[in-house]
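By written order: A, B, C, D and E. Residues from 1 in each chain.
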Amino acid sequence: MTDITQHNGRQSGQFGTPGGESKSLELPPRDLKRSVTSLLGWGLFFLVLMWSWEGAEMRPLDLFIYAGNMSEFAAGFFPPDFHEWPTFLEQMLITVQIAVWGTVLSVICAIPCGVLSAENVAPWWIVQPMRRLMDAARAINEMVFAMLFVVAVGLGPFAGVLALWIHTTGILAKLFSEAVEAIDPRPVEGIRATGAGKVQEVIFGVIPQVMPLWISYSLYRFESNVRSATVLGIVGAGGIGVVLWEYIRGFYYAETAAVIIIIIATVTVLDLISQRLRKMVL
Amino acid sequence: MGSAIKVDGLSKTFRKHRALNNVSLTVDRGEMVALIGASGSGKSTLIRLISGLERGDKTGAASQAGNSGRIQVLGSPVQDGGQLNRSIRNLRARIGVIFQQFNLVNRLSLLTNVVLGVLGRIPAWRGTLGLFTREEKMLAMEALRRVGMDQYAGQRASTLSGGQQQRAAIARALMQGAEVLLADEPIASLDPESARRVMENMARINREDGITIVVSLHQVAYAMRYCPRTVALRAGEVVYDGPSEALTPSFLRELYGADSEELVMDETLSGAIHGVEAPQQMPIAATA
Amino acid sequence: AEKLETLNFGIISTESSQNLKTVWDPFLADMEKKLGMKVKAFFAPDYAGVIEGMRFNKVDVAWFGNKSAMEAVDRAGGEVFVQTVDVTGNPGYWSLLLAHKDSKLEKLEDVLSCQGDLAFGNGDPNSTSGFLVPSYYVFAQNNVDPKNCYKTVRSANHETNALAVANKQVDFATNNTESLSRIKENNPKAFENLKIIWQSPLIPADPIVYRTNLSDETKAQLKAFFLGYGRLGTDVEKEKKILADLQWAPFRDSSNAQLYPIRQLQLFRDKVKLQGDDRMDASERNSKIAGIEEKLDTLKILANN
Amino acid sequence: MGSAIKVDGLSKTFRKHRALNNVSLTVDRGEMVALIGASGSGKSTLIRLISGLERGDKTGAASQAGNSGRIQVLGSPVQDGGQLNRSIRNLRARIGVIFQQFNLVNRLSLLTNVVLGVLGRIPAWRGTLGLFTREEKMLAMEALRRVGMDQYAGQRASTLSGGQQQRAAIARALMQGAEVLLADEPIASLDPESARRVMENMARINREDGITIVVSLHQVAYAMRYCPRTVALRAGEVVYDGPSEALTPSFLRELYGADSEELVMDETLSGAIHGVEAPQQMPIAATA
Amino acid sequence: MTDITQHNGRQSGQFGTPGGESKSLELPPRDLKRSVTSLLGWGLFFLVLMWSWEGAEMRPLDLFIYAGNMSEFAAGFFPPDFHEWPTFLEQMLITVQIAVWGTVLSVICAIPCGVLSAENVAPWWIVQPMRRLMDAARAINEMVFAMLFVVAVGLGPFAGVLALWIHTTGILAKLFSEAVEAIDPRPVEGIRATGAGKVQEVIFGVIPQVMPLWISYSLYRFESNVRSATVLGIVGAGGIGVVLWEYIRGFYYAETAAVIIIIIATVTVLDLISQRLRKMVL
């Protein structure tokens, strides 16, 4: 439809009078330090990739050569066996109940912790310790927390709630804070200029901006808490994840497939809820 | 040759609020038209609709004929009855838009923002990979020089001053080398000299290259000076369409003043537009 | 089958043992030397992947627990060929019921009264000593259904269960002798608070399984290596030391027959489960139960030989 | 009573670029001062520094005395040598700011955006919980009415037109009831009548309530009409500070034209500022 | 310093002439449908919370009553025993290598999948199937994928890489897409108006806006892949998570503490890298 030369032709007219009075133009100089840093960064990254290729024993071809094995394995999952559906449903409800409390508690904690871990809101001498604390909450294995709480409150769902709570707080606080760091600073300045306090700046300037992301994170963690098997298995709280785990380990693949379908349905529902909620605040 | 822009019975409703009501408008090729109207009268909405960035209402309630809500630019359909045309992309490359809120990409440099104007007319793969030639970059620099911004080429868009951002948006539209230019208050944040340069530039590409220009303006003086024709909107309807010279102070008073809440209009209006000859009229004495 | 160049050796964490690569390294080195092929060891806390791997010829030899070995034999075409022996010479280990030392529970009968006031920590359903053995010997044989008998029943692993008992979070729980000795060593405080109220019959020690479709030559080579290790040759003392570090004495010959008792337990459990399944068509259920009973009968004959 | 705003040897450098260079300025209580200058001359930067939203350079390189980079408002220090004062928050409640880029919270309604102006002077707990009284909300509505926006109170800020957003920002600042008002191009996106109303409003609160006002403007006509005193910036330095009436066309030409790349200045400047009496001078003939 | 009455006094002056010519002002009517919806939503939420209180067997008091147990349990972890540090280090490196490839592959896949799952970029008939596919990738247990790949490529790190890859793709695509949905549409419109294609809109309009968040998500998943024990345990790939698991199971608390400290240190380093990278693009 349009071609470059034609356009260029028009353009030199559009920008008028080349040469003549116009002083000579120069492209902005490249930021040398930045280019070098980023070059080094990429170089390092590729070195790490190559080094990891060895360590991870990458043999991509195998995937195609033995694709038959995979389809044979996968065939074992069909047809799914929904025979035990009342158990599945019951276990699903248990997991949801545990995940609801584990997630709600951690969202409540992650809001202040996340805001205090954001460099554009809190001073560094609060941000740094808070981030390290959250790093620890994520890094310490859920199993340790699970056992810690078992000795206090005994086996059962409540220990699971507590273990999920700590771990999820660590993750959500990180995600929350990094959403806060990416906001547009102008509305916050607008609030600040009215003489509002720090907390008010956050409530009226920051939170409306990050709300859609926070909702998305919270529901993502809720969903993964529903799926979680490890913690709930350790504390003997049961739940769908544990049932799934048992089925797989017992090689009951038809039942496994059924449970997976239930989990997929749940995740889908949560994803749709997340979409809807975010749309309401977007 | 046909008209550059043809709008037929176009309406646009946001929830309950009708921003445009049965607007029809034809702009011929090579015209330079000013779009005026009070704040909220629908100027930006009209420009966004013409450029196909927003869709009109499904059925222009007020129109009888079947062509309700039809927009054509350069003879090709943009949208019809709330339905965007499929090949709108090719058409967009031929329509330059200067946005009221600049719409720059904050995290990219000024030069990159401007050079992106070329995306519509280079091979897709090259644009996608961001491989702009030196020549294209120099064209962008030239566009920046036109608006007096070449020395800021390396700066991030978000750190530019208000007027600098506005000029960057203008440079990007110039870079595009479009056949139709829709400019939404391009000189709002500019000082008089920058504003004059921008308007002169637009007048020149209109005159010399035959580019069709629609420019929304708040400062009626500029409309009168640079645009032979003016279209005035009030509450989403076209209330005037004719030569700019025929605009009378009393019409302007009515245009800006009658917009429901805009309250009474006094002599100062024409004063503000037509210049203040008598600074002695200052309402308050200096306290210093 | 072709001659193997690399032997893939899967080592899982079983109930009776703990796998740390460093302790295994000398043994694996010897294995490589004596077999004359590369040995690639994979340490997996969970057996599912190893069994599926064996099914598709990705794993050649693996060290399993009894329950997982049964799956390997049935699903993945494996065959038990040797058996580990405890460093103290025990041919196996025992399942236990633990209670707090101050608890009024003293013997098995105390937990069978079903007054609904006890909290029970059951084992992981895939665990031999934590679930299968007590289910049969404690509950099935006494016609007790834990679900109806106790205030609460929770399934957890041995470690959590032991801690829960020591902290009086549950009244009693399943465990085994191997886990208990680890607790004794590493968590003496908790150990002091525990007492044993029941001990099961012997559970056979962990079997080692190879793929049946390995070449006969390789199979013979493997069997010779395992049985000869720490028994034959010039380095016997050194080898014994290596085995002792793994908490073992030299291996014993074994076969799939080792799994019969466990199979009985498993089938019995399946039967009980079927009997309780009221959503299944009655005739289908009965035919399934009949099938299981038939299997149980043959097993009985086999096991007694 | 002392001065409302006192700036001493203030400099501000962004990376290499010096946006403000050793600026000193005193504004007395009750004054209304216009701030003019070409695009990029440092007007917004100065306003942001005075309101304590940005920090000045550590050492005003060009100043000899120890008071480099000191800013005081209403007798209290805002910042000194690049260090913000600790009790700046209380002071901020007394300084209203209208931002060039509006700085509204997009996802909140217009009314909420405006009522937030009250945050600085209600008990912290009530503000934090967002419990605004009906009276406060009515005050916000009144502020909206002042700028002709009360009918849009329930609309989301992001869906307002450019001029509506600007008026919302003004309403928020009015709501604040501050003693000093810093307005950064408050009328840039407004039509003449809305602009006049805003300027009249400001002039009135200046006159009747003694509110000190500093307003940056591009349309010199408004400066001359409403502000007794004008301060002109060029490339970060104060080049004029005196009565607005004394501004001459030739000075303005120099002010806007000499800014390095801003090129030659022709007669049109004074034309654009002082009104176009002769639309016949139109440079291009209509092609329609 | 300033008091309300004084201000209010001034203000009524500031807004001038109350009554008189001014028409009567009305607060904007509440959006009834919205209020009702949100009331119902909150009501439902609290009902779920209460229902879950039962199911999760919440007994918060126990936590305080038995705090002694917890501190006794925790005391077992001190002092940490770094005796086996060469093993720890070696296993840490293995996990990093696996996680590097698992994460890099999934970032590569999550970028197109995420963009195509964003409602403001792709049409619904692409968004919906893509989101459901990603739901499935997250919802299907990692263990299933691990075994699926084991049968093709055998035990070892590569199977771990592949399993991490699928699961992480599902998570990252979700997070990526929800960041895209929260962007400012104006820059994108600016690009669109130049006649740029869809892909170009995304590259120049969307990606610069979401880059900081995407970096944050990718490094968060890298970190959690490094910590992951389940998958790597199943495929016999080893790694620090598996070592930790074994230690906890064996009640080797002093060594457990040492491993945890190493993991915390790694997570901290990754967190700092994340901060730095995001600052470079912010």
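Convention: a residue touches a chain if its C-beta (ideal position, glycine included) is under 8 Å from a C-beta of that chain, and two chains touch if they have at least 3 such contacts.
These numbers come from a predicted model, not from an experiment.
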Problem set entry | Fewest hops from chain C to chain D - one hop per pair of touching chains | 2
Seminar exercise, completed: Ordered by label, the neighbours common to chain A and chain C are E
Problem set entry | Chain whose mean Cα position lies farthest from chain B | C
Seminar exercise, completed: Between the Cα centroids of chain D and chain E the separation in whole angstrom comes to 41
Exercise. In whole angstrom, how far does the Cα centroid of chain A sit from the Cα centroid of chain E?
Worked result: 2
For this session: Pull out every residue in chain A that's touching 2 or more other chains.
Result: 66, 69, 72-73, 147, 151, 153-154, 156, 248, 282
For this session: Would you mind listing the residues of chain B that make contact with two or more other chains?
Result: 90, 93-94, 101, 121, 145, 150
Exercise. Considering chain C alone, which of its residues make contact with at least two other chains?
Worked result: 46, 48, 52, 56, 157, 159, 163, 167
For this session: Give every touching pair of chains, nothing left out.
Result: A-B, A-C, A-D, A-E, B-D, B-E, C-E, D-E
For this session: State the interface residues of chain E toward chain B in the complex, per the touch definition above.
Result: 186-187, 189-197, 199-200, 203-205, 208-209, 211, 281-282
For this session: Flag every residue of chain E that touches chain D in the complex, lowest number first.
Result: 1-4, 7-8, 10-11, 13-16, 18, 22, 25-29, 31
Problem set entry | Residue ranges of chain C touching chain E (in the complex, touch as defined) | 8, 10-11, 13, 18-22, 40, 42-46, 48-50, 52-53, 55-56, 58-59, 157, 159, 163, 167, 182-183, 185-187, 189-190
Problem set entry | chain C contact footprint on chain E (complex, rising order) | 66, 69, 72-73, 76, 84, 87, 143, 146-147, 150-156, 159, 229, 233-238, 242-243, 245-246, 248-253
Problem set entry | Residues on chain C engaged by chain A in the complex (per definition of touch) | 46-48, 51-52, 56, 71, 75, 119, 121, 124-126, 152, 154-157, 159-161, 163-164, 167, 169-170, 279-280
